[in-house]
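Lettered A, B, C and D in written order, each chain numbered from 1.
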Amino acid sequence: MPDRRLRNRIHEIIFEADTPTGKFFDIALLILIGVSVIAVMLESSEEWNQRYHTLFFYTEWFLTIVFTIEYALRLYVTVRPLKYALSFYGIVDIMAILPSYLSLLIPNSQYFLIIRVLRLMRIFRIFKLGQYLNEGDQLRRSLADSRNKIAVFLFAVTMLVTIIGAVMYLIEGGSNDGFSSIPRAVYWAIVTITTVGYGDITPQTQIGQFLSAVVMIIGYAIIAVPTGIVTSEMMRGERRRKPLRNNTQVCRFCAKEGHDDDAVYCKYCGGRLNPEQ
Amino acid sequence: MPDRRLRNRIHEIIFEADTPTGKFFDIALLILIGVSVIAVMLESSEEWNQRYHTLFFYTEWFLTIVFTIEYALRLYVTVRPLKYALSFYGIVDIMAILPSYLSLLIPNSQYFLIIRVLRLMRIFRIFKLGQYLNEGDQLRRSLADSRNKIAVFLFAVTMLVTIIGAVMYLIEGGSNDGFSSIPRAVYWAIVTITTVGYGDITPQTQIGQFLSAVVMIIGYAIIAVPTGIVTSEMMRGERRRKPLRNNTQVCRFCAKEGHDDDAVYCKYCGGRLNPEQ
Amino acid sequence: MPDRRLRNRIHEIIFEADTPTGKFFDIALLILIGVSVIAVMLESSEEWNQRYHTLFFYTEWFLTIVFTIEYALRLYVTVRPLKYALSFYGIVDIMAILPSYLSLLIPNSQYFLIIRVLRLMRIFRIFKLGQYLNEGDQLRRSLADSRNKIAVFLFAVTMLVTIIGAVMYLIEGGSNDGFSSIPRAVYWAIVTITTVGYGDITPQTQIGQFLSAVVMIIGYAIIAVPTGIVTSEMMRGERRRKPLRNNTQVCRFCAKEGHDDDAVYCKYCGGRLNPEQ
Amino acid sequence: MPDRRLRNRIHEIIFEADTPTGKFFDIALLILIGVSVIAVMLESSEEWNQRYHTLFFYTEWFLTIVFTIEYALRLYVTVRPLKYALSFYGIVDIMAILPSYLSLLIPNSQYFLIIRVLRLMRIFRIFKLGQYLNEGDQLRRSLADSRNKIAVFLFAVTMLVTIIGAVMYLIEGGSNDGFSSIPRAVYWAIVTITTVGYGDITPQTQIGQFLSAVVMIIGYAIIAVPTGIVTSEMMRGERRRKPLRNNTQVCRFCAKEGHDDDAVYCKYCGGRLNPEQ
């Protein structure tokens, strides 16, 4: 079965980064993705677009074709292509090429190509990936564990800014264009309580400024809350941390990652992992 | 006593969310509250109000009548109505309908209907409430425990901004309209030290900018204090955390919540809890 | 010795807050201080000053005379007046009356009366003082313990903003009025890295905006440092916390506070504490 | 070998701060560095430069010559000059004099003299240095330990702001000059999510303001993450902290610092430390 061996070989190159060829492929891919993202960003600038319009046009289509071939190959070498197509990376990969084709029908839709930036997440697979994945995993778990507390907190903040906004609308609404409606006043309250403070809407009356000062002092005290939540959750996480070593193998059957170095079969679907690593 | 059974049945539906009908009632109520809050917010916008004035008018009065009937029912089915009327939710419920009637006498008072947003707190009663109430309770307790420290801190900050404001008034007052009085300068100091930084008042003189920079650096160091307080209080709270399971039962006699699943009598007033749950 | 007993009685009233008369005196004093601070603040506002100039004038002088008499009494009843005069509260008390007399010689110096706000610190002596003093003490100790780390941190930040400022001056200086000198660019860097962000000076060139974005991301990461320092110091403080009960006695000889309830002699100078409490 | 003894004596004076002469030299040097940095900063200001141009010119050249002599002496007294020249301080020292000479060839390059501010780091060598170096070391180690987590976090933030920026460009781009290209919109997203909030670019449409509010609320929650990372890393650091006593000796052979008080030989290269301390 030369075809099978070819597919396994390609799978190893484009899905994994443990072999020199696989690593080279991933680095080249990352560079192309980076170039692509920068091209989309610069194309949106009138100034750059006028000067290099043709260049951007050809770069975009060249890269779209490259990524389309790569996507087709990924489908081809995976034993159950649908599993890959519906996995997180699979969805990102298709969304990274679709906008180019869509832009033939709908103008400006090529800007959705910016979604390609998500493909850069593959970067962790190349450089000391296990460690970084582990750190990222810890971060995600800490945030997930504090999800309920943060939900309660955000709900309380939402109610608070709604009421503050309505009160400020009543105080400032008449004399100040910035507070011309409650939604705008709520927007102001969020800008203030998060300490962003654009200054596009500011209180003008003395009582409005006094109330704003009170809101800021309150915001000063409650900005501590999410930090407290995440920090205490992280310190709890610290205690149960255990080292995790991963390699870059991806199951050919179900497209799941995170297999141990000595794993022979996929721990999720039982499929045999790529033997030629 | 069919009347008694009817009252108990209604009590179960409108006060609790353990039965399908009770849950349906609460979800419908939440949607109506949400619609009502959004209507009040949009009504305040000149643009929306001109286009949909009649719609807002009828929505507001329709919902006010619905909420009035609901409030009357709540009073009717509670054994001691005064207890409910004076409880937190009871006060919020009456404040959520009064402004509509007041707006017949005093123009613009309908904006106080925004207080209806507080009724959304009932949301926690429906979805996995025990857990969220527990989280909210932990947050509240952490903040309550650090109340003294935060009071001392806010007092120190208040003194600090007053003095900084006065000094900046003396430095910038003459040449800069923004610092035309000490209260305005104190407002500026609060905007600066909380890192909100609107930019509506900024120092213009070199010495004023130098002093501002010092104030910001100080603010940088002391913004750490409330976070430190809340975080250390939360981590202490972590240690004494114990799981708490609540249901949505509300005593018909004293309108208190938080009864255990196996409770037969209200733990606050001894009244028998609704038996048909 | 009736004189001695009178002095002790007065000492008890004006220095301590354990007796009803002492408490009443302190509360009355706090109200007068509050009135005085608000009067100074409002006087600085053109609008208020024009309307109530005479009222402010008489209030200020009336309160200055009251505070002068009070200061004289404090000197009179303390056994070693110099000790009191040179203590923290003694210096604040004299600075709270001097500016009024100075304003006869130097115009505008009455604004230094704002220093009276520091006298409000006596508020902790009245309401559950022991507890608050304790909390304040913990806060102060945590900050004192982290003094070295914060000094190192602030030094590093100072060097960082100087270099960032100089680079931004070279990039933006030519085309952007806001970056017309290195000190102004350093001021901008401080405004940015502390996340205050007035927006009075903003980068205009593309490279300047790119560098600013990098500075903000860096600032995002290092704003965590002082918080981390203070939090970890506070949690260490937690562990060695022990309850501390104070009363409001002040030694007549050395004007030091913080004596235990059962103390008969001053623990700092050995003088006998006021026996008639 | 009088030459050798002279070199050792000079080494002790200019490299160390344990003897009175060494301390005096370091303090004098720090003052000159401070004067130099302030002169460079003020020179950049049009206003100051016009008034004191000659003074700045002579100060700069005088100090450059002094620092050049000092640098030559440092090379002379070190046994292996190249090691010093390539050490961190050695590179800073040469970069602190080069721009002056470069300014003869390239105009404006004298502003790079601001790099002299890094020489101020020697300040820690004089006042209770061991302690501060220790604190700085702890800070650095905490940051180094959380490097991976912060890298993952910053990567995630970068992807987030890119996508937010692109979406805001699509929403606001047409009607709002501030969002005229994706890079500018990404700059806005960074300004917003770090809570800097200049206000030079603000959303104008209702949907743009709504999305901004969501971004701020998200930013509010994730600003907690770096703080949590650093705090938990610091508290882990606390536990393994052990006192560290350093003196100011610098090896004459390899220019490394951090030797114990009783060290006779350099622990890095085995060279004999300066015996006459």
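Quick note on the criterion: a residue touches a chain if its C-beta (ideal position, glycine included) is under 8 Å from a C-beta of that chain, and two chains touch if they have at least 3 such contacts.
What you are looking at is a predicted structure, and each value in this text was computed from that prediction instead of being measured.
*Asks:* What's the rotation angle, in degrees and to the nearest 5, for a C-alpha fit of chain A onto chain D?
*Replies:* 90
*Asks:* What's the distance between the Cα centroids of chain C and chain D, rounded to whole Å?
*Replies:* About 32 Å, centre to centre.
*Asks:* Provide the C-alpha centroid distance between chain A and chain C, rounded to the nearest whole angstrom.
*Replies:* 45
*Asks:* What positions in chain C touch 2 or more of the other chains?
*Replies:* As it turns out, chain C has residues touching two or more other chains at 183-184, 186, 195-199, 223, 227-229, 231, 235.
*Asks:* Once you draw an edge for every pair of touching chains, what topology comes out, line, ring, star, complete or other?
*Replies:* complete
*Asks:* List the residues on chain A that touch chain B in their complex, please.
*Replies:* Contacts found on chain A: 148-149, 151-153, 155-156, 159, 162-163, 166, 169-170, 173, 180-184, 186, 192, 195-199, 202, 206, 209-210, 212-213, 216-217, 219-221, 223-225, 227-229, 231-232, 235-236.
*Asks:* Write out the stretch or stretches of chain D touching chain B in their complex.
*Replies:* 195-199, 227, 231
*Asks:* Would you tell me which residues of chain D are touching chain C in their complex?
*Replies:* 37, 40-42, 44-48, 108, 111-112, 114-115, 117-118, 120-121, 123-124, 131-132, 135-136, 138-139, 142-143, 150, 154, 157-158, 183-184, 186-187, 190-191, 194-200, 223, 226-231, 233-235, 238
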